[in-house]
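Report on the structure given below.
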Amino acid sequence: MAAGLLTLLAALSLFVTSRPDPGTYFFIDDLNIAFIVLNTFVGFTTSVFSASYIAHELETGRLNSANIRFYHAMYQVMMFGMNLAFVSNNVGLMWVAVELATLTTVLMVGIYRTSEALEAAWKYFILGSVGIAFALFGTILVYMVAQPLIGEGQDAMVWTILVEHAPDFDPALLNVAFVFLLLGYGTKVGLAPLHAWLPDAHAEGPTPISAVLSGLLLNVALYAVLRFKILLAANPGAIAPGPLMMTMGLVSLIFAAFMLYGRRDIKRLFAYSSIEHMGIIVFAFGLGGPLANFAGLLHMVMHSLTKSAIFFAVGHISQVKGTQKLAEIRGLTVTHPGLGWGLVVGVAAIIGVPPFGIFMSEFLVVSSTFALQPLLAVPLAFGLLVAFGALLLRLTEVAFGEPMGSLAPVKASYAPMFIHLALVLTAGVYLPPPLVSWFQHIAILLG
Amino acid sequence: MNGFVFDIAHLLAGGLVLVSIMMLYQDRLYALLNTFALHALILTLSVAWQAYVQDAPHLYVTAAIALVFKAIIIPVALHRIIRQLGIHREIETAVGVGLTMLAGIGLVALSMAVMLQVTSEIDPLAREDLAFALSVLLLGLLMMVTRRNAVSQVVGFMSLENGLVLAATGAKGMPLVVEISVTFSILVAFIVIGIFLFRIRERFDTVDVEALDEFQGDRR
Amino acid sequence: MTGSIGLLLGCIAVLLATAILAIGLGRSGRATQVIYGVTAAISAVALVAALTQLLDALHDNSTLTLPLGLPWIGANFRLDMLSAFFLVVVNLGGGVASLFGLGYGTHETTPGRVLPFFPAFLAGMNLVVLADDAFAFLFAWEFMSLSSWALVMAHHREPGNARAGYIYLVMASFGTLALLLAFGLLAGPDGGYAFEMIRAVEHKSLVVALVLGLMLLGAGSKAGLVPLHVWLPLAHPAAPSHVSALMSGVMTKVAVYGFIRVIFDLVGEPNWWSSIIVMFIGGATAVFGILSALMERDIKRLLAYSTIENIGVIFVSLGLALAFEANGMRLAAALALTAALFHVLNHAFFKSLLFFGAGAVLTATGERDMERLGGLIHRMPVTSVVFLVGCFAISALPPLNGFASEWLVFQAILQSPDLPQFGLKLMVPAVGGMLALAAALAAACFIKVYGTVFLGRPRSAAAIEAREVDHFSLAAMSILASLCLLAGMFPGLVVDALSPVANSLVGSGLPRQAEIAWLSLVPIAESRSSYNGLLIFAFVALSAWLAVFFIHSFASRAVRRGPAWGCGLPSLSADMQYSGDSFAQPIRRVFGQLAFRAHEEIDMPAPGDMRAARLTVTMRDIVWDSIYAPIVRGVRFVAKRLNGLQFLTIRRYLSIVFAALVTLLLVLALWA
Amino acid sequence: MILDILVQGLQMAAVLLLAPLLTGLVRKLKARLQRRQGASVLQPYRDLVRLLRKEVVLAENASWLFRAAPYLIFAATWVAAALVPTFATGLYFTWSADLIAITALVGSARFFLSLAGMDAGTSFGGIGASREAMIASLAEPAMLLIVFSLALIAGSTQLSTVATVMASPDVGLRVSLGMALVALIMVAIAENARVPIDNPATHLELTMVHEAMVLEYSGRHLAMIEFAAALKLLLYVSLIACVFVPWGLAQPGSGALAHILGFTAYLAKLLVGGALLAVFETATAKMRVFRVPAFLGAALMLGLLGTLLLFVSRSL
């Protein structure tokens, strides 16, 4: 927790200190500051949440103290991996960092050692490894593209240098590279049809990990995709990455929206909702242009905050009710008003109703779609509506109606959840101009 | 680049693809492991040749790692695991061997078509290398997809990694960091797989992947 | 006049603060009084501000931009004639509902689930009307939906309410998405979301047509146009009664506002054929709504269906205005638009009144099922009088206000022969017939309501023991009843107040009415048609008084009480009265087959058999069956099919990844 | 102006005085047609006077509404009847209601009558009210379509204007006018509870409509309701007369002679109307209640057809 706070402070200091020149291994620009600040903030609040969550797990004997030491160690390694991925200027190093973060989460997903947890971790691991392989192959290809122009050695993997030379790269090979990178990192983002690991990993691991997975790890992978997208966008001869990303985004959105209906496990439900939102974000970035990129960024931030808040609530709910099955949780607003209304507010935010930030970003996504690809707005709106219906249906059952299940009071701090929700609420009503201009700058950077 | 150098590289990389296809053909686990050892051996030779050609001594390290870990330690370890766990020696296939081979040929053709078409600008050696590496990668994946045993899937995954190593070494002057990360990932992969196999052994009588699938949440 | 818009926004801010305060007050006993007191006061202030703007001779618009919402356009607000009028409707409804809530709210079992959302709901409605850019509009619109959803869910433990809330919010979201698409079309690729920018652009005819379709979906789903009305009879009754009144009386009007704002203000010149669609949907809505109401037993559901009918009337009138506007007949367009707005106002009056009455009955008896009520006229004297006024007004009978606005609609219909298009010429009289049918059925419907609930003898113990409700509730209802009466007697004054609104939208208003002798209502010319509610009222009152006076003075005034004639049967039980269902039976036989696939089954025992005979009536909701049920089935089917993907083996998942890779590579190979 | 108000007052008094006479006339003619002697044409006046003198027997459960309704019904019908031009057009207050408002005013009276029927809490009142509501729900749209037809021809819904236009030669004979006339007669029969819709002379519970509603009424209340019924009959006859046989109506501002002439013409029209009604009622049998929708549906269709045909003839 302390470490989390420290890194958060360090991240915030990035705003004030002057930026170091890009080195061979590390660099800082607007894009990664945005990700880092979000990452460290959610990482910090999650560690606050996990303190009370894990304490409860220890009490109920689901985990022993050795597990917990392992858990906390892995948590820090994972945070390190993610931040490393953000600051690395070397595509190879970035790859290593992403994989580091992935592998640690694999271990944490399997921490309960139940057959379900092991199964989820195994699936995560196998699919993740294939993703790793694809991403590495893509990275090698990028090097191969760059090597004739930049020369052998380190420089051909340094992102800042790659971008400079991108216009002259061989477009055809770059295309192949992007296919592999998109599939490789896209597996981590959880894009359909590469998403299979995501719902199970969310459902069977400890809830703080679910929060971090949805709120952060997906972003890390997305960050990687975006970096390479910039590369591709800079090359006029290459295929536009947009249509590819838009297709995958839309498929993810609509697919996940329908999948939401069949869910019986509350964490798996919100895991699918993460797939859905990742679909929207990737769609927005695929659309391109300042407005859509802005919307995508905003949506990403809002989704991270909201989804982790929801998982905070869900964690306590499953602890207090002793189950994750949706059918066994009823009338939460009656039995546990704080948690219940927290969940209601969180879900209201995630399904995109005002006054929450996701409404604004969805408004921007849909409307910029209209501006650029009017016909795509219809399936987009359709997917949003289907997902809306599913989540609201489950929310109505869980939060309202005759209460069911344990009435035991919750021993938990609501602070992380409500801080997140308050931020989302504020963003929905008022975005501070500096933040806006900063995001706009990034949006232009993303092309 | 003289013809001889090219021919040897071509031969070795082509051999790797050939062995990959051979692996698809195997229907016994032991034979599969032996074939994989051969696969790793050829990879070692190929990497060593690249090291010689590119005059990059650090690639010899990679070659050595490939030889020691992949050609010797892993096959032996897997032999032991199979014996200890009493796993069925026959490979259960999801798709018939004949069909798999046919698909394999198709995949090789596809990777040639993709790679040779798009890499007109870089030097022919790297070009060949990449095309073969992609073939190996796809064949490894095909193996994972069409075989049901956990062991054969692991083998498939490792042959996929071999393809990556082939690509990485083929890329001239690729910084060391990549090689290290490749081996590192293989190492971690193996360790984790080992842990999982062990844990799975704790609870299951078989490492057949399908047996795991009964434990998916959300079904009840 | 930035002052008044600032004041209004301030009111909204105070309402939002009140909502937060309500969370803070929690279970405190005074919370109900404090919250409703504040909302009543704020609504009164906002009402005065809006009225000032509406009646101000200068008619200047004022705008205000706040640095909220979408960063680069900010949150724009604008107070013009149209928004001023709707603000009057919103805040009048809000104020009276707060007043009613002061009394009604004390019976609330879970005030914590009502009090925070009530002010938020009011704030949302006010914001919609003031919004001057697409984002602020949709934000407020959806916020309004959300807060009213929370109010619908206040009594979530009662069966059916959760489903009502669910369907409500899904339909609301559907509407919002339709509106979003409409605004997306209007804003164009440059993202000109401010209404000012949309107004300035000349829109293509295809865009105009699409926007109209989307607005019918978007605003129509909120207003309750058939077939998008399904949520309305579920959600309105589920909420506490003063909220039902707001939802029916006011929120549906905000939807009408949205339609008017976009179609009349933002889009510009309409297509003439689009008016046919609007009119036809309006007419169908009116007839179907009131027929459904007639078949209902639950008084609040009945009122909700009747809201659908009135929305139909309003949309018919709006469609007429569109037709006239498209043909450049400004005066006729103004007439139709004025009629629509007048009806908006009237419906807000009497529907709120009726919902309050239903709430009072609910408080007094705990019953919503009309078949368990009866004879309340003896137990609740004041409520019964004001409720009668409401029933009379909503039945469109002179001299009350409902007739005045329907009369204007008919006058507008009579202008239709001058339309050049043949389609319109044929359509308009048919729609007029539908409206007349709806009006006649409405009268039947409210005879049924009043006759079953207030007249006759009590049908349950609860009805026998009913008590008159508190003074706050009575005051709220009395205010609305007198407004119904006033608007009915002085329709000319209302029309004058609406004239600048029509003027700002279609470029013409109706001639000034206040100077006409005897305060008559003369929309076009005296030789064409005129109506004087005041005189009719005076004549009827005078004649009735004369009759009473003469008869009581010169003939008999003796009264004797005796048992009612029961065909010689010794004792008439309350069950032997005519029930509401039996009242509606003839109409069900006439229209039921068509509208509800009604089916009657009589189980008549053979002679000598002592078994009781049974009559079973089955009715289907054809809209649900033919539109929504297939959608639900479709979503379920797709979800079930796709759900199989959750349970694949890892190998199969890998196959999918593999297939994706191969596909992409193939695409590349072929593309290159 | 004083004179105008005087004429208006005359009209009010005239309809009040003539209404029972028309009812008596129809009854007498019917009796004669059925080869009965029948009561005197003045019998309705005697009935009214007798009823007014009797005490009222209220049902135990009856509320204030039950007692107020007869006066309101009477007043509304009276006002409506007084607003239809009978012997002169352009009366002083004629503009205070057009044809739509007059129809609606009759509807107001019906509203109270139906409510009063349900007040006592017996099944008779309910039966009557529910059947009345069904009939009205079809008759009112038919009436409105007739109004449309007339308004399309005359360009107005103001009865005085309509009558003036109708009297002018340029209207001519039109198919739609004929349809409107037939439809209006059908509506009038339904509204006044005459054969074949209802039988004002029956008290058989299964066939009653109007009488069922007023079953609980007695004494002066019943008198008021009977009076209102008579006024309503007069109203419809006057309406048909004023629209379809507008000749002889005194124009505004014309002298006393014209008014006397108009009044004579009006009396003659009433006589003919009453006679036709009596003949029609004698020649027809009452229909089942559930045949009524078909009857009124026909009126509705005629009205609509008339309106549509007008458009056709106009645009050709």
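Which chain is which? They are A, B, C and D, in the order written, and residues in each are numbered from 1.
The criterion applied here is as follows: a contact is a pair of C-beta atoms (placed from the backbone, for glycine too) under 8 Å apart; a residue touches a chain by one contact, two chains touch by 3 or more.
Everything quoted here is computed from the prediction, not taken from an experiment.
Chemist: Using only the chains other than subunit D, in their current positions, what clusters of touching chains do you get?
Modeler: One piece, even once subunit D is excluded.
Chemist: If you average the Cα atoms per chain, which one ends up farthest from subunit A?
Modeler: Most remote chain from subunit A, centroid-wise, comes out as D.
Chemist: Roughly how far is subunit B from subunit D, going centre to centre by Cα mean, in whole Å?
Modeler: That gives a centre separation of 99 Å.
Chemist: With chain centres taken as the means of their Cα atoms, state the distance from subunit A to subunit B in Å.
Modeler: Roughly 31 Å separates the two chain centres.
Chemist: With chain centres defined as C-alpha means, what is the inter-centre distance between subunit A and subunit C in Å?
Modeler: One centre to the other, that is 43 Å.
Chemist: Between subunit A and subunit D, tell me the centre distance in angstrom, where each centre is the average of that chain's C-alpha atoms.
Modeler: Comparing mean C-alpha positions, subunit D is 77 Å from subunit A.
Chemist: Subunit B: which residues touch two or more other chains?
Modeler: In subunit B, the residues touching two or more other chains are 114, 117-118, 141, 144, 153, 212-213, 216, 218.
Chemist: Among the residues of subunit A, which ones contact at least 2 other chains?
Modeler: Subunit A, residues with two or more chain partners: 122, 126, 130, 172, 175-176, 199.
Chemist: Can you list the subunit C residues in contact with two or more other chains?
Modeler: As it turns out, subunit C has residues touching two or more other chains at 646, 648, 650, 654, 657, 661, 665, 668, 672.
Chemist: Can you list every touching chain pair?
Modeler: Every touching chain pair, ordered by label, is A-B, A-C, B-C, C-D.
Chemist: What part of subunit C is in contact with subunit B in the complex they form?
Modeler: 646-651, 654-655, 657-658, 661-662, 665-666, 668-669, 672
Chemist: Residue numbers of subunit A touching subunit C in their complex, please.
Modeler: Its residues touching subunit C are 122-123, 126-127, 130, 134, 172, 175-176, 179-180, 183, 187, 193-194, 196-197, 199, 239, 244, 255, 258-262, 291, 331, 333-334, 348, 351, 353-355, 359-360, 363-364, 366-372, 374, 377-378, 381, 384-386, 388-390, 392-393, 396-397, 400-402, 429-431, 433, 436.
Chemist: So in the complex, which bits of subunit A are touching subunit B?
Modeler: For subunit A paired with subunit B, touching residues are 90, 92-93, 95-96, 99, 103, 106-107, 110, 113, 115-116, 118-122, 125-126, 129-130, 132-133, 136-137, 139-141, 143-144, 147-148, 151-154, 156-157, 170, 172-173, 175-176, 199-200, 203-204, 263-265, 268.
Chemist: If we count contacts the way the header does, which residues on subunit C are in touch with subunit A in the complex?
Modeler: Residues of subunit C touching subunit A: 67-72, 113, 134-135, 138-140, 142-143, 145-146, 153, 156-157, 162-163, 165-166, 169-170, 173-174, 177, 180-181, 183-185, 187-191, 193, 635-636, 638-640, 642-643, 645-646, 648, 650, 653-654, 656-657, 660-661, 664-665, 668, 671-672.
Chemist: So in the complex, which bits of subunit C are touching subunit D?
Modeler: 374-375, 377-378, 388, 392, 395-398, 403, 407, 410-411, 413-414, 417, 422, 425-426, 429-430, 432-434, 436-437, 439-441, 443-444, 447-448, 450-452, 455-457, 518, 520, 526-532, 535-536, 539-544, 546-548, 551, 555-567, 572, 574, 576-579, 582-587, 589-590
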